[in-house]
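Chain nomenclature is as follows: A, B, C, D and E, assigned in order of appearance, with residue numbering initiated at 1 for each chain independently.
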């Protein structure tokens, strides 16, 4: 048994990690996994660069690309992706802005948008909206608020006009009329939100271990897709899987209260951890164009192939 | 204006400091108060100047102070009490600023007192630039500027070295000879008491009671010639005080 | 052991402080050094004790110090220089701890010096609990504990009030009479100089030069009886110093 | 004594006193309790909305929940471990460096400008570097506190040694004391009051930095609890967490006060 | 004088000196430059990886980029505005409250315990509340700095007034000075040195809090720049930002030094 450490966040979108762990898929591959939990996505990448953990799952951010530029990180597969027909990130308006006419993503131009941090995935998503509806980044005013909680607070109180939000938070907010969903990121085209990644050293020196990790992980993904992407098909199986996930997500709430959130948070996850290479390139190019990432690196330097399917690979 | 202390007693919390002190300071006379450490001399002076209220008895002004006196009871402190952020002139000016006086009159008063205390050249110096003797001269100038009816001096020379002390004592005698002032002069130093006092009041150890009142009838100006008889007087005072001083010295501050 | 100052001069940076000072301190004699403020008296004493090196000339020990002397040249400072965090015994003990002595011997020495300075009851008091006179007694006890060949005293009484000063002067004379010690005694106070000195060295204003050396042949113990002749001597010293003292007093610290 | 009938005997007017405000022992607690009551009342009547400020009772409730769940001591334990470790290491290193800077010209010349350049840098700004240097484990949290404590300790110790009365040092030398005796028996005890009052400051800094330190992937710890509460906008838990920090600060202050009273009892 | 041949004339041994380390003017800069050179060399040779610490030249480059892009002054301007506003308001309020606490027993009894309870609360912990209270605009940023400055100012002013020599106050009273004269001419000038050295501390605190203040939705500002650099793991920009803060701190320190030299010139 090889000891490895995997970084995780307590989100439903990380469920395949918990499934593979709980159902012993890692053990079957001879991996003795220790889960290390983080409060935010950013430190996961830093922790891999500093050698604290072996594998991580996180969104692609400016910080991620800059770390990768120092040669420390490689993407080995894709996970959460926006796909038409599945509920992913919601685009929300504050009640005030909605009343003032900001009723669709196209009308965000000239408004303020709450993000956690400059260079975060929220920042990129704003960029996607701007590109789609043909306005410049300078047409919106970005409000970096450091924390998701602060974003929600700022939009609820009408201090900021718009934000992007995970579905299990966005839907209840909309229902409670605290804010308004005005669109979905999945309508804007493909978007590889999170990826599986490891250290460059692992891809160079421990290829077998990476392969075994990915094999186990893909089993977790398969279980997740079979149940969570179509929750009505087999309620008993869904119940069992939600119970499993509840050990890690919303563990401090009773099951009855936690279950709806877990279910609503079941976002689309690529089959077999396939990676949308074209979209990764697009993200890298966007961050470079914004001047947030200064690198001569291309998307090819980011990715270690041979561990998962690659699709939409640029010619 | 005379001053009369009528059966004055004072206590701090449970500590009795002064007990039934009763004497008079006659106009134009210098009364020296001596006594061992901690016997309440400074307290007595604070009571006389109205900086503290006696627990019993009263301090009485007999007769009106002169009309031109801006501060009838005026202190000269052991530690000079000069404002370090004001020049010599500024320090004198401080005590005139609350009186209605035009600029010119104020400047004239300051010039006059600085001249009398031989400080004319040092008007723009800050206290830190002055020697101890000079600082005390500034304090004397400041006191003179308000035309006091009675000077209250709390060991004015004891922070100075003995040579400077000699010089200042001569100055004080000269000032008094030119224009006699009334004064209560608290001191440790028997030599000062016999040189400057028309009357010496000897206090006992705490609680301070009057042990003896010694009158000295020699004129102030001639006293340096009469060293021998003063020496005898000083010896007598020292005998009165020796035991008390020894006891006061051997007390632990808080055992 | 005699001490000889051979043409000692000293300067701090550009300031000349002492100029060609040359005298001898004979064993068993007390040499008093007087002079106006800032004339270099303290500097001179620091040079004698080896705390500073003279710019020119040399301080020489003539003959060997007694074998049992643990610190031949020992200071008594104006500000007592007691460690506030040590008791009276601890303060004396401090200067013995670097010498090889067993516990019992050290305790015996401490007991002895405390007894000689009338401090036996106060061994466990902290300095803050003591009056100024008591503190200086502790400093004297500490100095005695190392069996000095020569005491270097820098205005040891000038921080005390005049009554305590009298008491301590008597104590010093008593100590000397029982067992004569050698001493350099720096003071401002002419009275102290004529009471304690076998020889009085008068320094000029800065740069300090020897203006006069006055020998006093009266025995120390009898001097209180001879007040009249001492008074004359004191007058003479005062005439020597008056001008210098006045000038020193009127100097601005930094104009 | 002349006590005949004199004209116009007037008492001397009192003109002293004042300018000596004393803490009126009882007023402090009264002000505290009154404020808390007003706050509670305001919250109960809805005059202060729960969004703006939770009622003190709500914060107390959150504290109780925390205690019931058993997490209180887990959080406290984790934080205390970091505090104690970071503070002790920072203090030890600071005292060592401070003593050399206090005694040796060359050490001073090297250390003092560095310290004054690095000390004012906000530690949160350096967190990303700390993660890279010390990882995301305990080391980076302890290091944050270490650096917060180290620099002011150096300053306090150096300053304390500078302020030791040179007269006492000369006295020691004049009695022929060894260099080591002068340092051990005169310099260090003399610098102790300044060093101890430095401890007061560094202890506060350490507690203040707890929140920053626990920004780096801490699951448990009072700082992490406060951060989580802030994230969830759970203001009652936030206030409860802040109250824990305050209590911690008071407790440490009290401990240092005891230490001062014991070590500096010679000051009376 | 006896200068005949005496036996064993020995010079008195020197045993003073030492224990007076002075800043050796030139060593400080040398240490600095040497460290920077070593650091640069380490980075160039790859001994210090760019991941761990960027080369000083890289940080300088980032600074240059910032200057070229014209954003340097935008960031600095935004931060300075917040600093000046927050510091001035906090200082004014602090001086006002401090003076009343310094002069009146009742004010002291009410203020002092409150200040000592609230002062040690880490400001980052309260940021979520500040957002609710003051919004995400300038107000919350200024408020963060205000609170950071207010409490230590109160402490410094109260302490300064306490330390004014009561002998001088009694002197003023003994000359029959009016209450207002005593306060204006004796108490306040006497407290000025303590107040000014309080300014040094509050200025540092204000600069340190800049990063925390600009966590809340700031687009521009040195703190926001540092936070962004940290998020992007752009360590060269991070170091550049920290250097700007250091320079700001040095500049403010210098200004206060000038003010002290002018206002306290009587100390010589």
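Just so we're on the same page, contacts are C-beta pairs under 8 Å (C-beta built on N, C-alpha and C of every residue); 3 or more make two chains touch, one makes a residue touch a chain.
Everything numeric in this text was worked out from a predicted model, so none of it was measured.
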| item | value |
| --- | --- |
| Numbering shared by both copies at the chain C-chain B contact, with half separating same from different | same |
| Cα-centroid distance, chain C relative to chain E, in whole angstrom | 47 |
| Length of the line joining the C-alpha centres of chain A and chain E, rounded to whole Å | 42 |
| Separation of mean Cα positions, chain E and chain D [Å, integer] | 17 |
| Centre-of-Cα separation between chain C and chain B, whole angstrom | 32 |
| Sites on chain A at which at least two other chains make contact | 46, 49, 147, 149-150, 153 |
| Where chain B touches two or more other chains at once, by residue number | 49, 51, 73, 128-129, 253-254 |
| Shared-contact residues (touching 2 or more other chains) in chain E | 15-16, 51, 128, 132, 170, 173-174, 176, 227, 231, 233, 268 |
| Listing of all chain pairs that touch each other, if any do | A-D, A-E, B-C, B-D, B-E, C-D, C-E, D-E |
| Contacting residues of chain C [partner chain D, same complex] | 49, 51, 70-71, 73-75, 77, 79, 81, 83-86, 94-95, 97-98, 126, 128-129, 142, 146 |
| Chain E residues within the chain D interface of the complex | 15-16, 18-24, 27-29, 31-32, 35, 51-53, 101-110, 112-114, 117, 120-122, 124-129, 132-133, 166, 169-170, 173-174, 176, 179, 182, 187, 204, 207-212, 223, 226-227, 229-231, 233, 235, 238, 241-242, 245-246, 249 |
| Chain E residues within the chain B interface of the complex | 167-168, 170-178, 181, 185-186, 189-190, 192, 264, 266-268 |
| Touching residues on chain D, where the partner in the complex is chain B | 1-3, 6-17, 268 |
| Chain A-facing residues of chain D, complex | 128, 131-132, 135-137, 216-219, 224, 227-228, 230-233 |
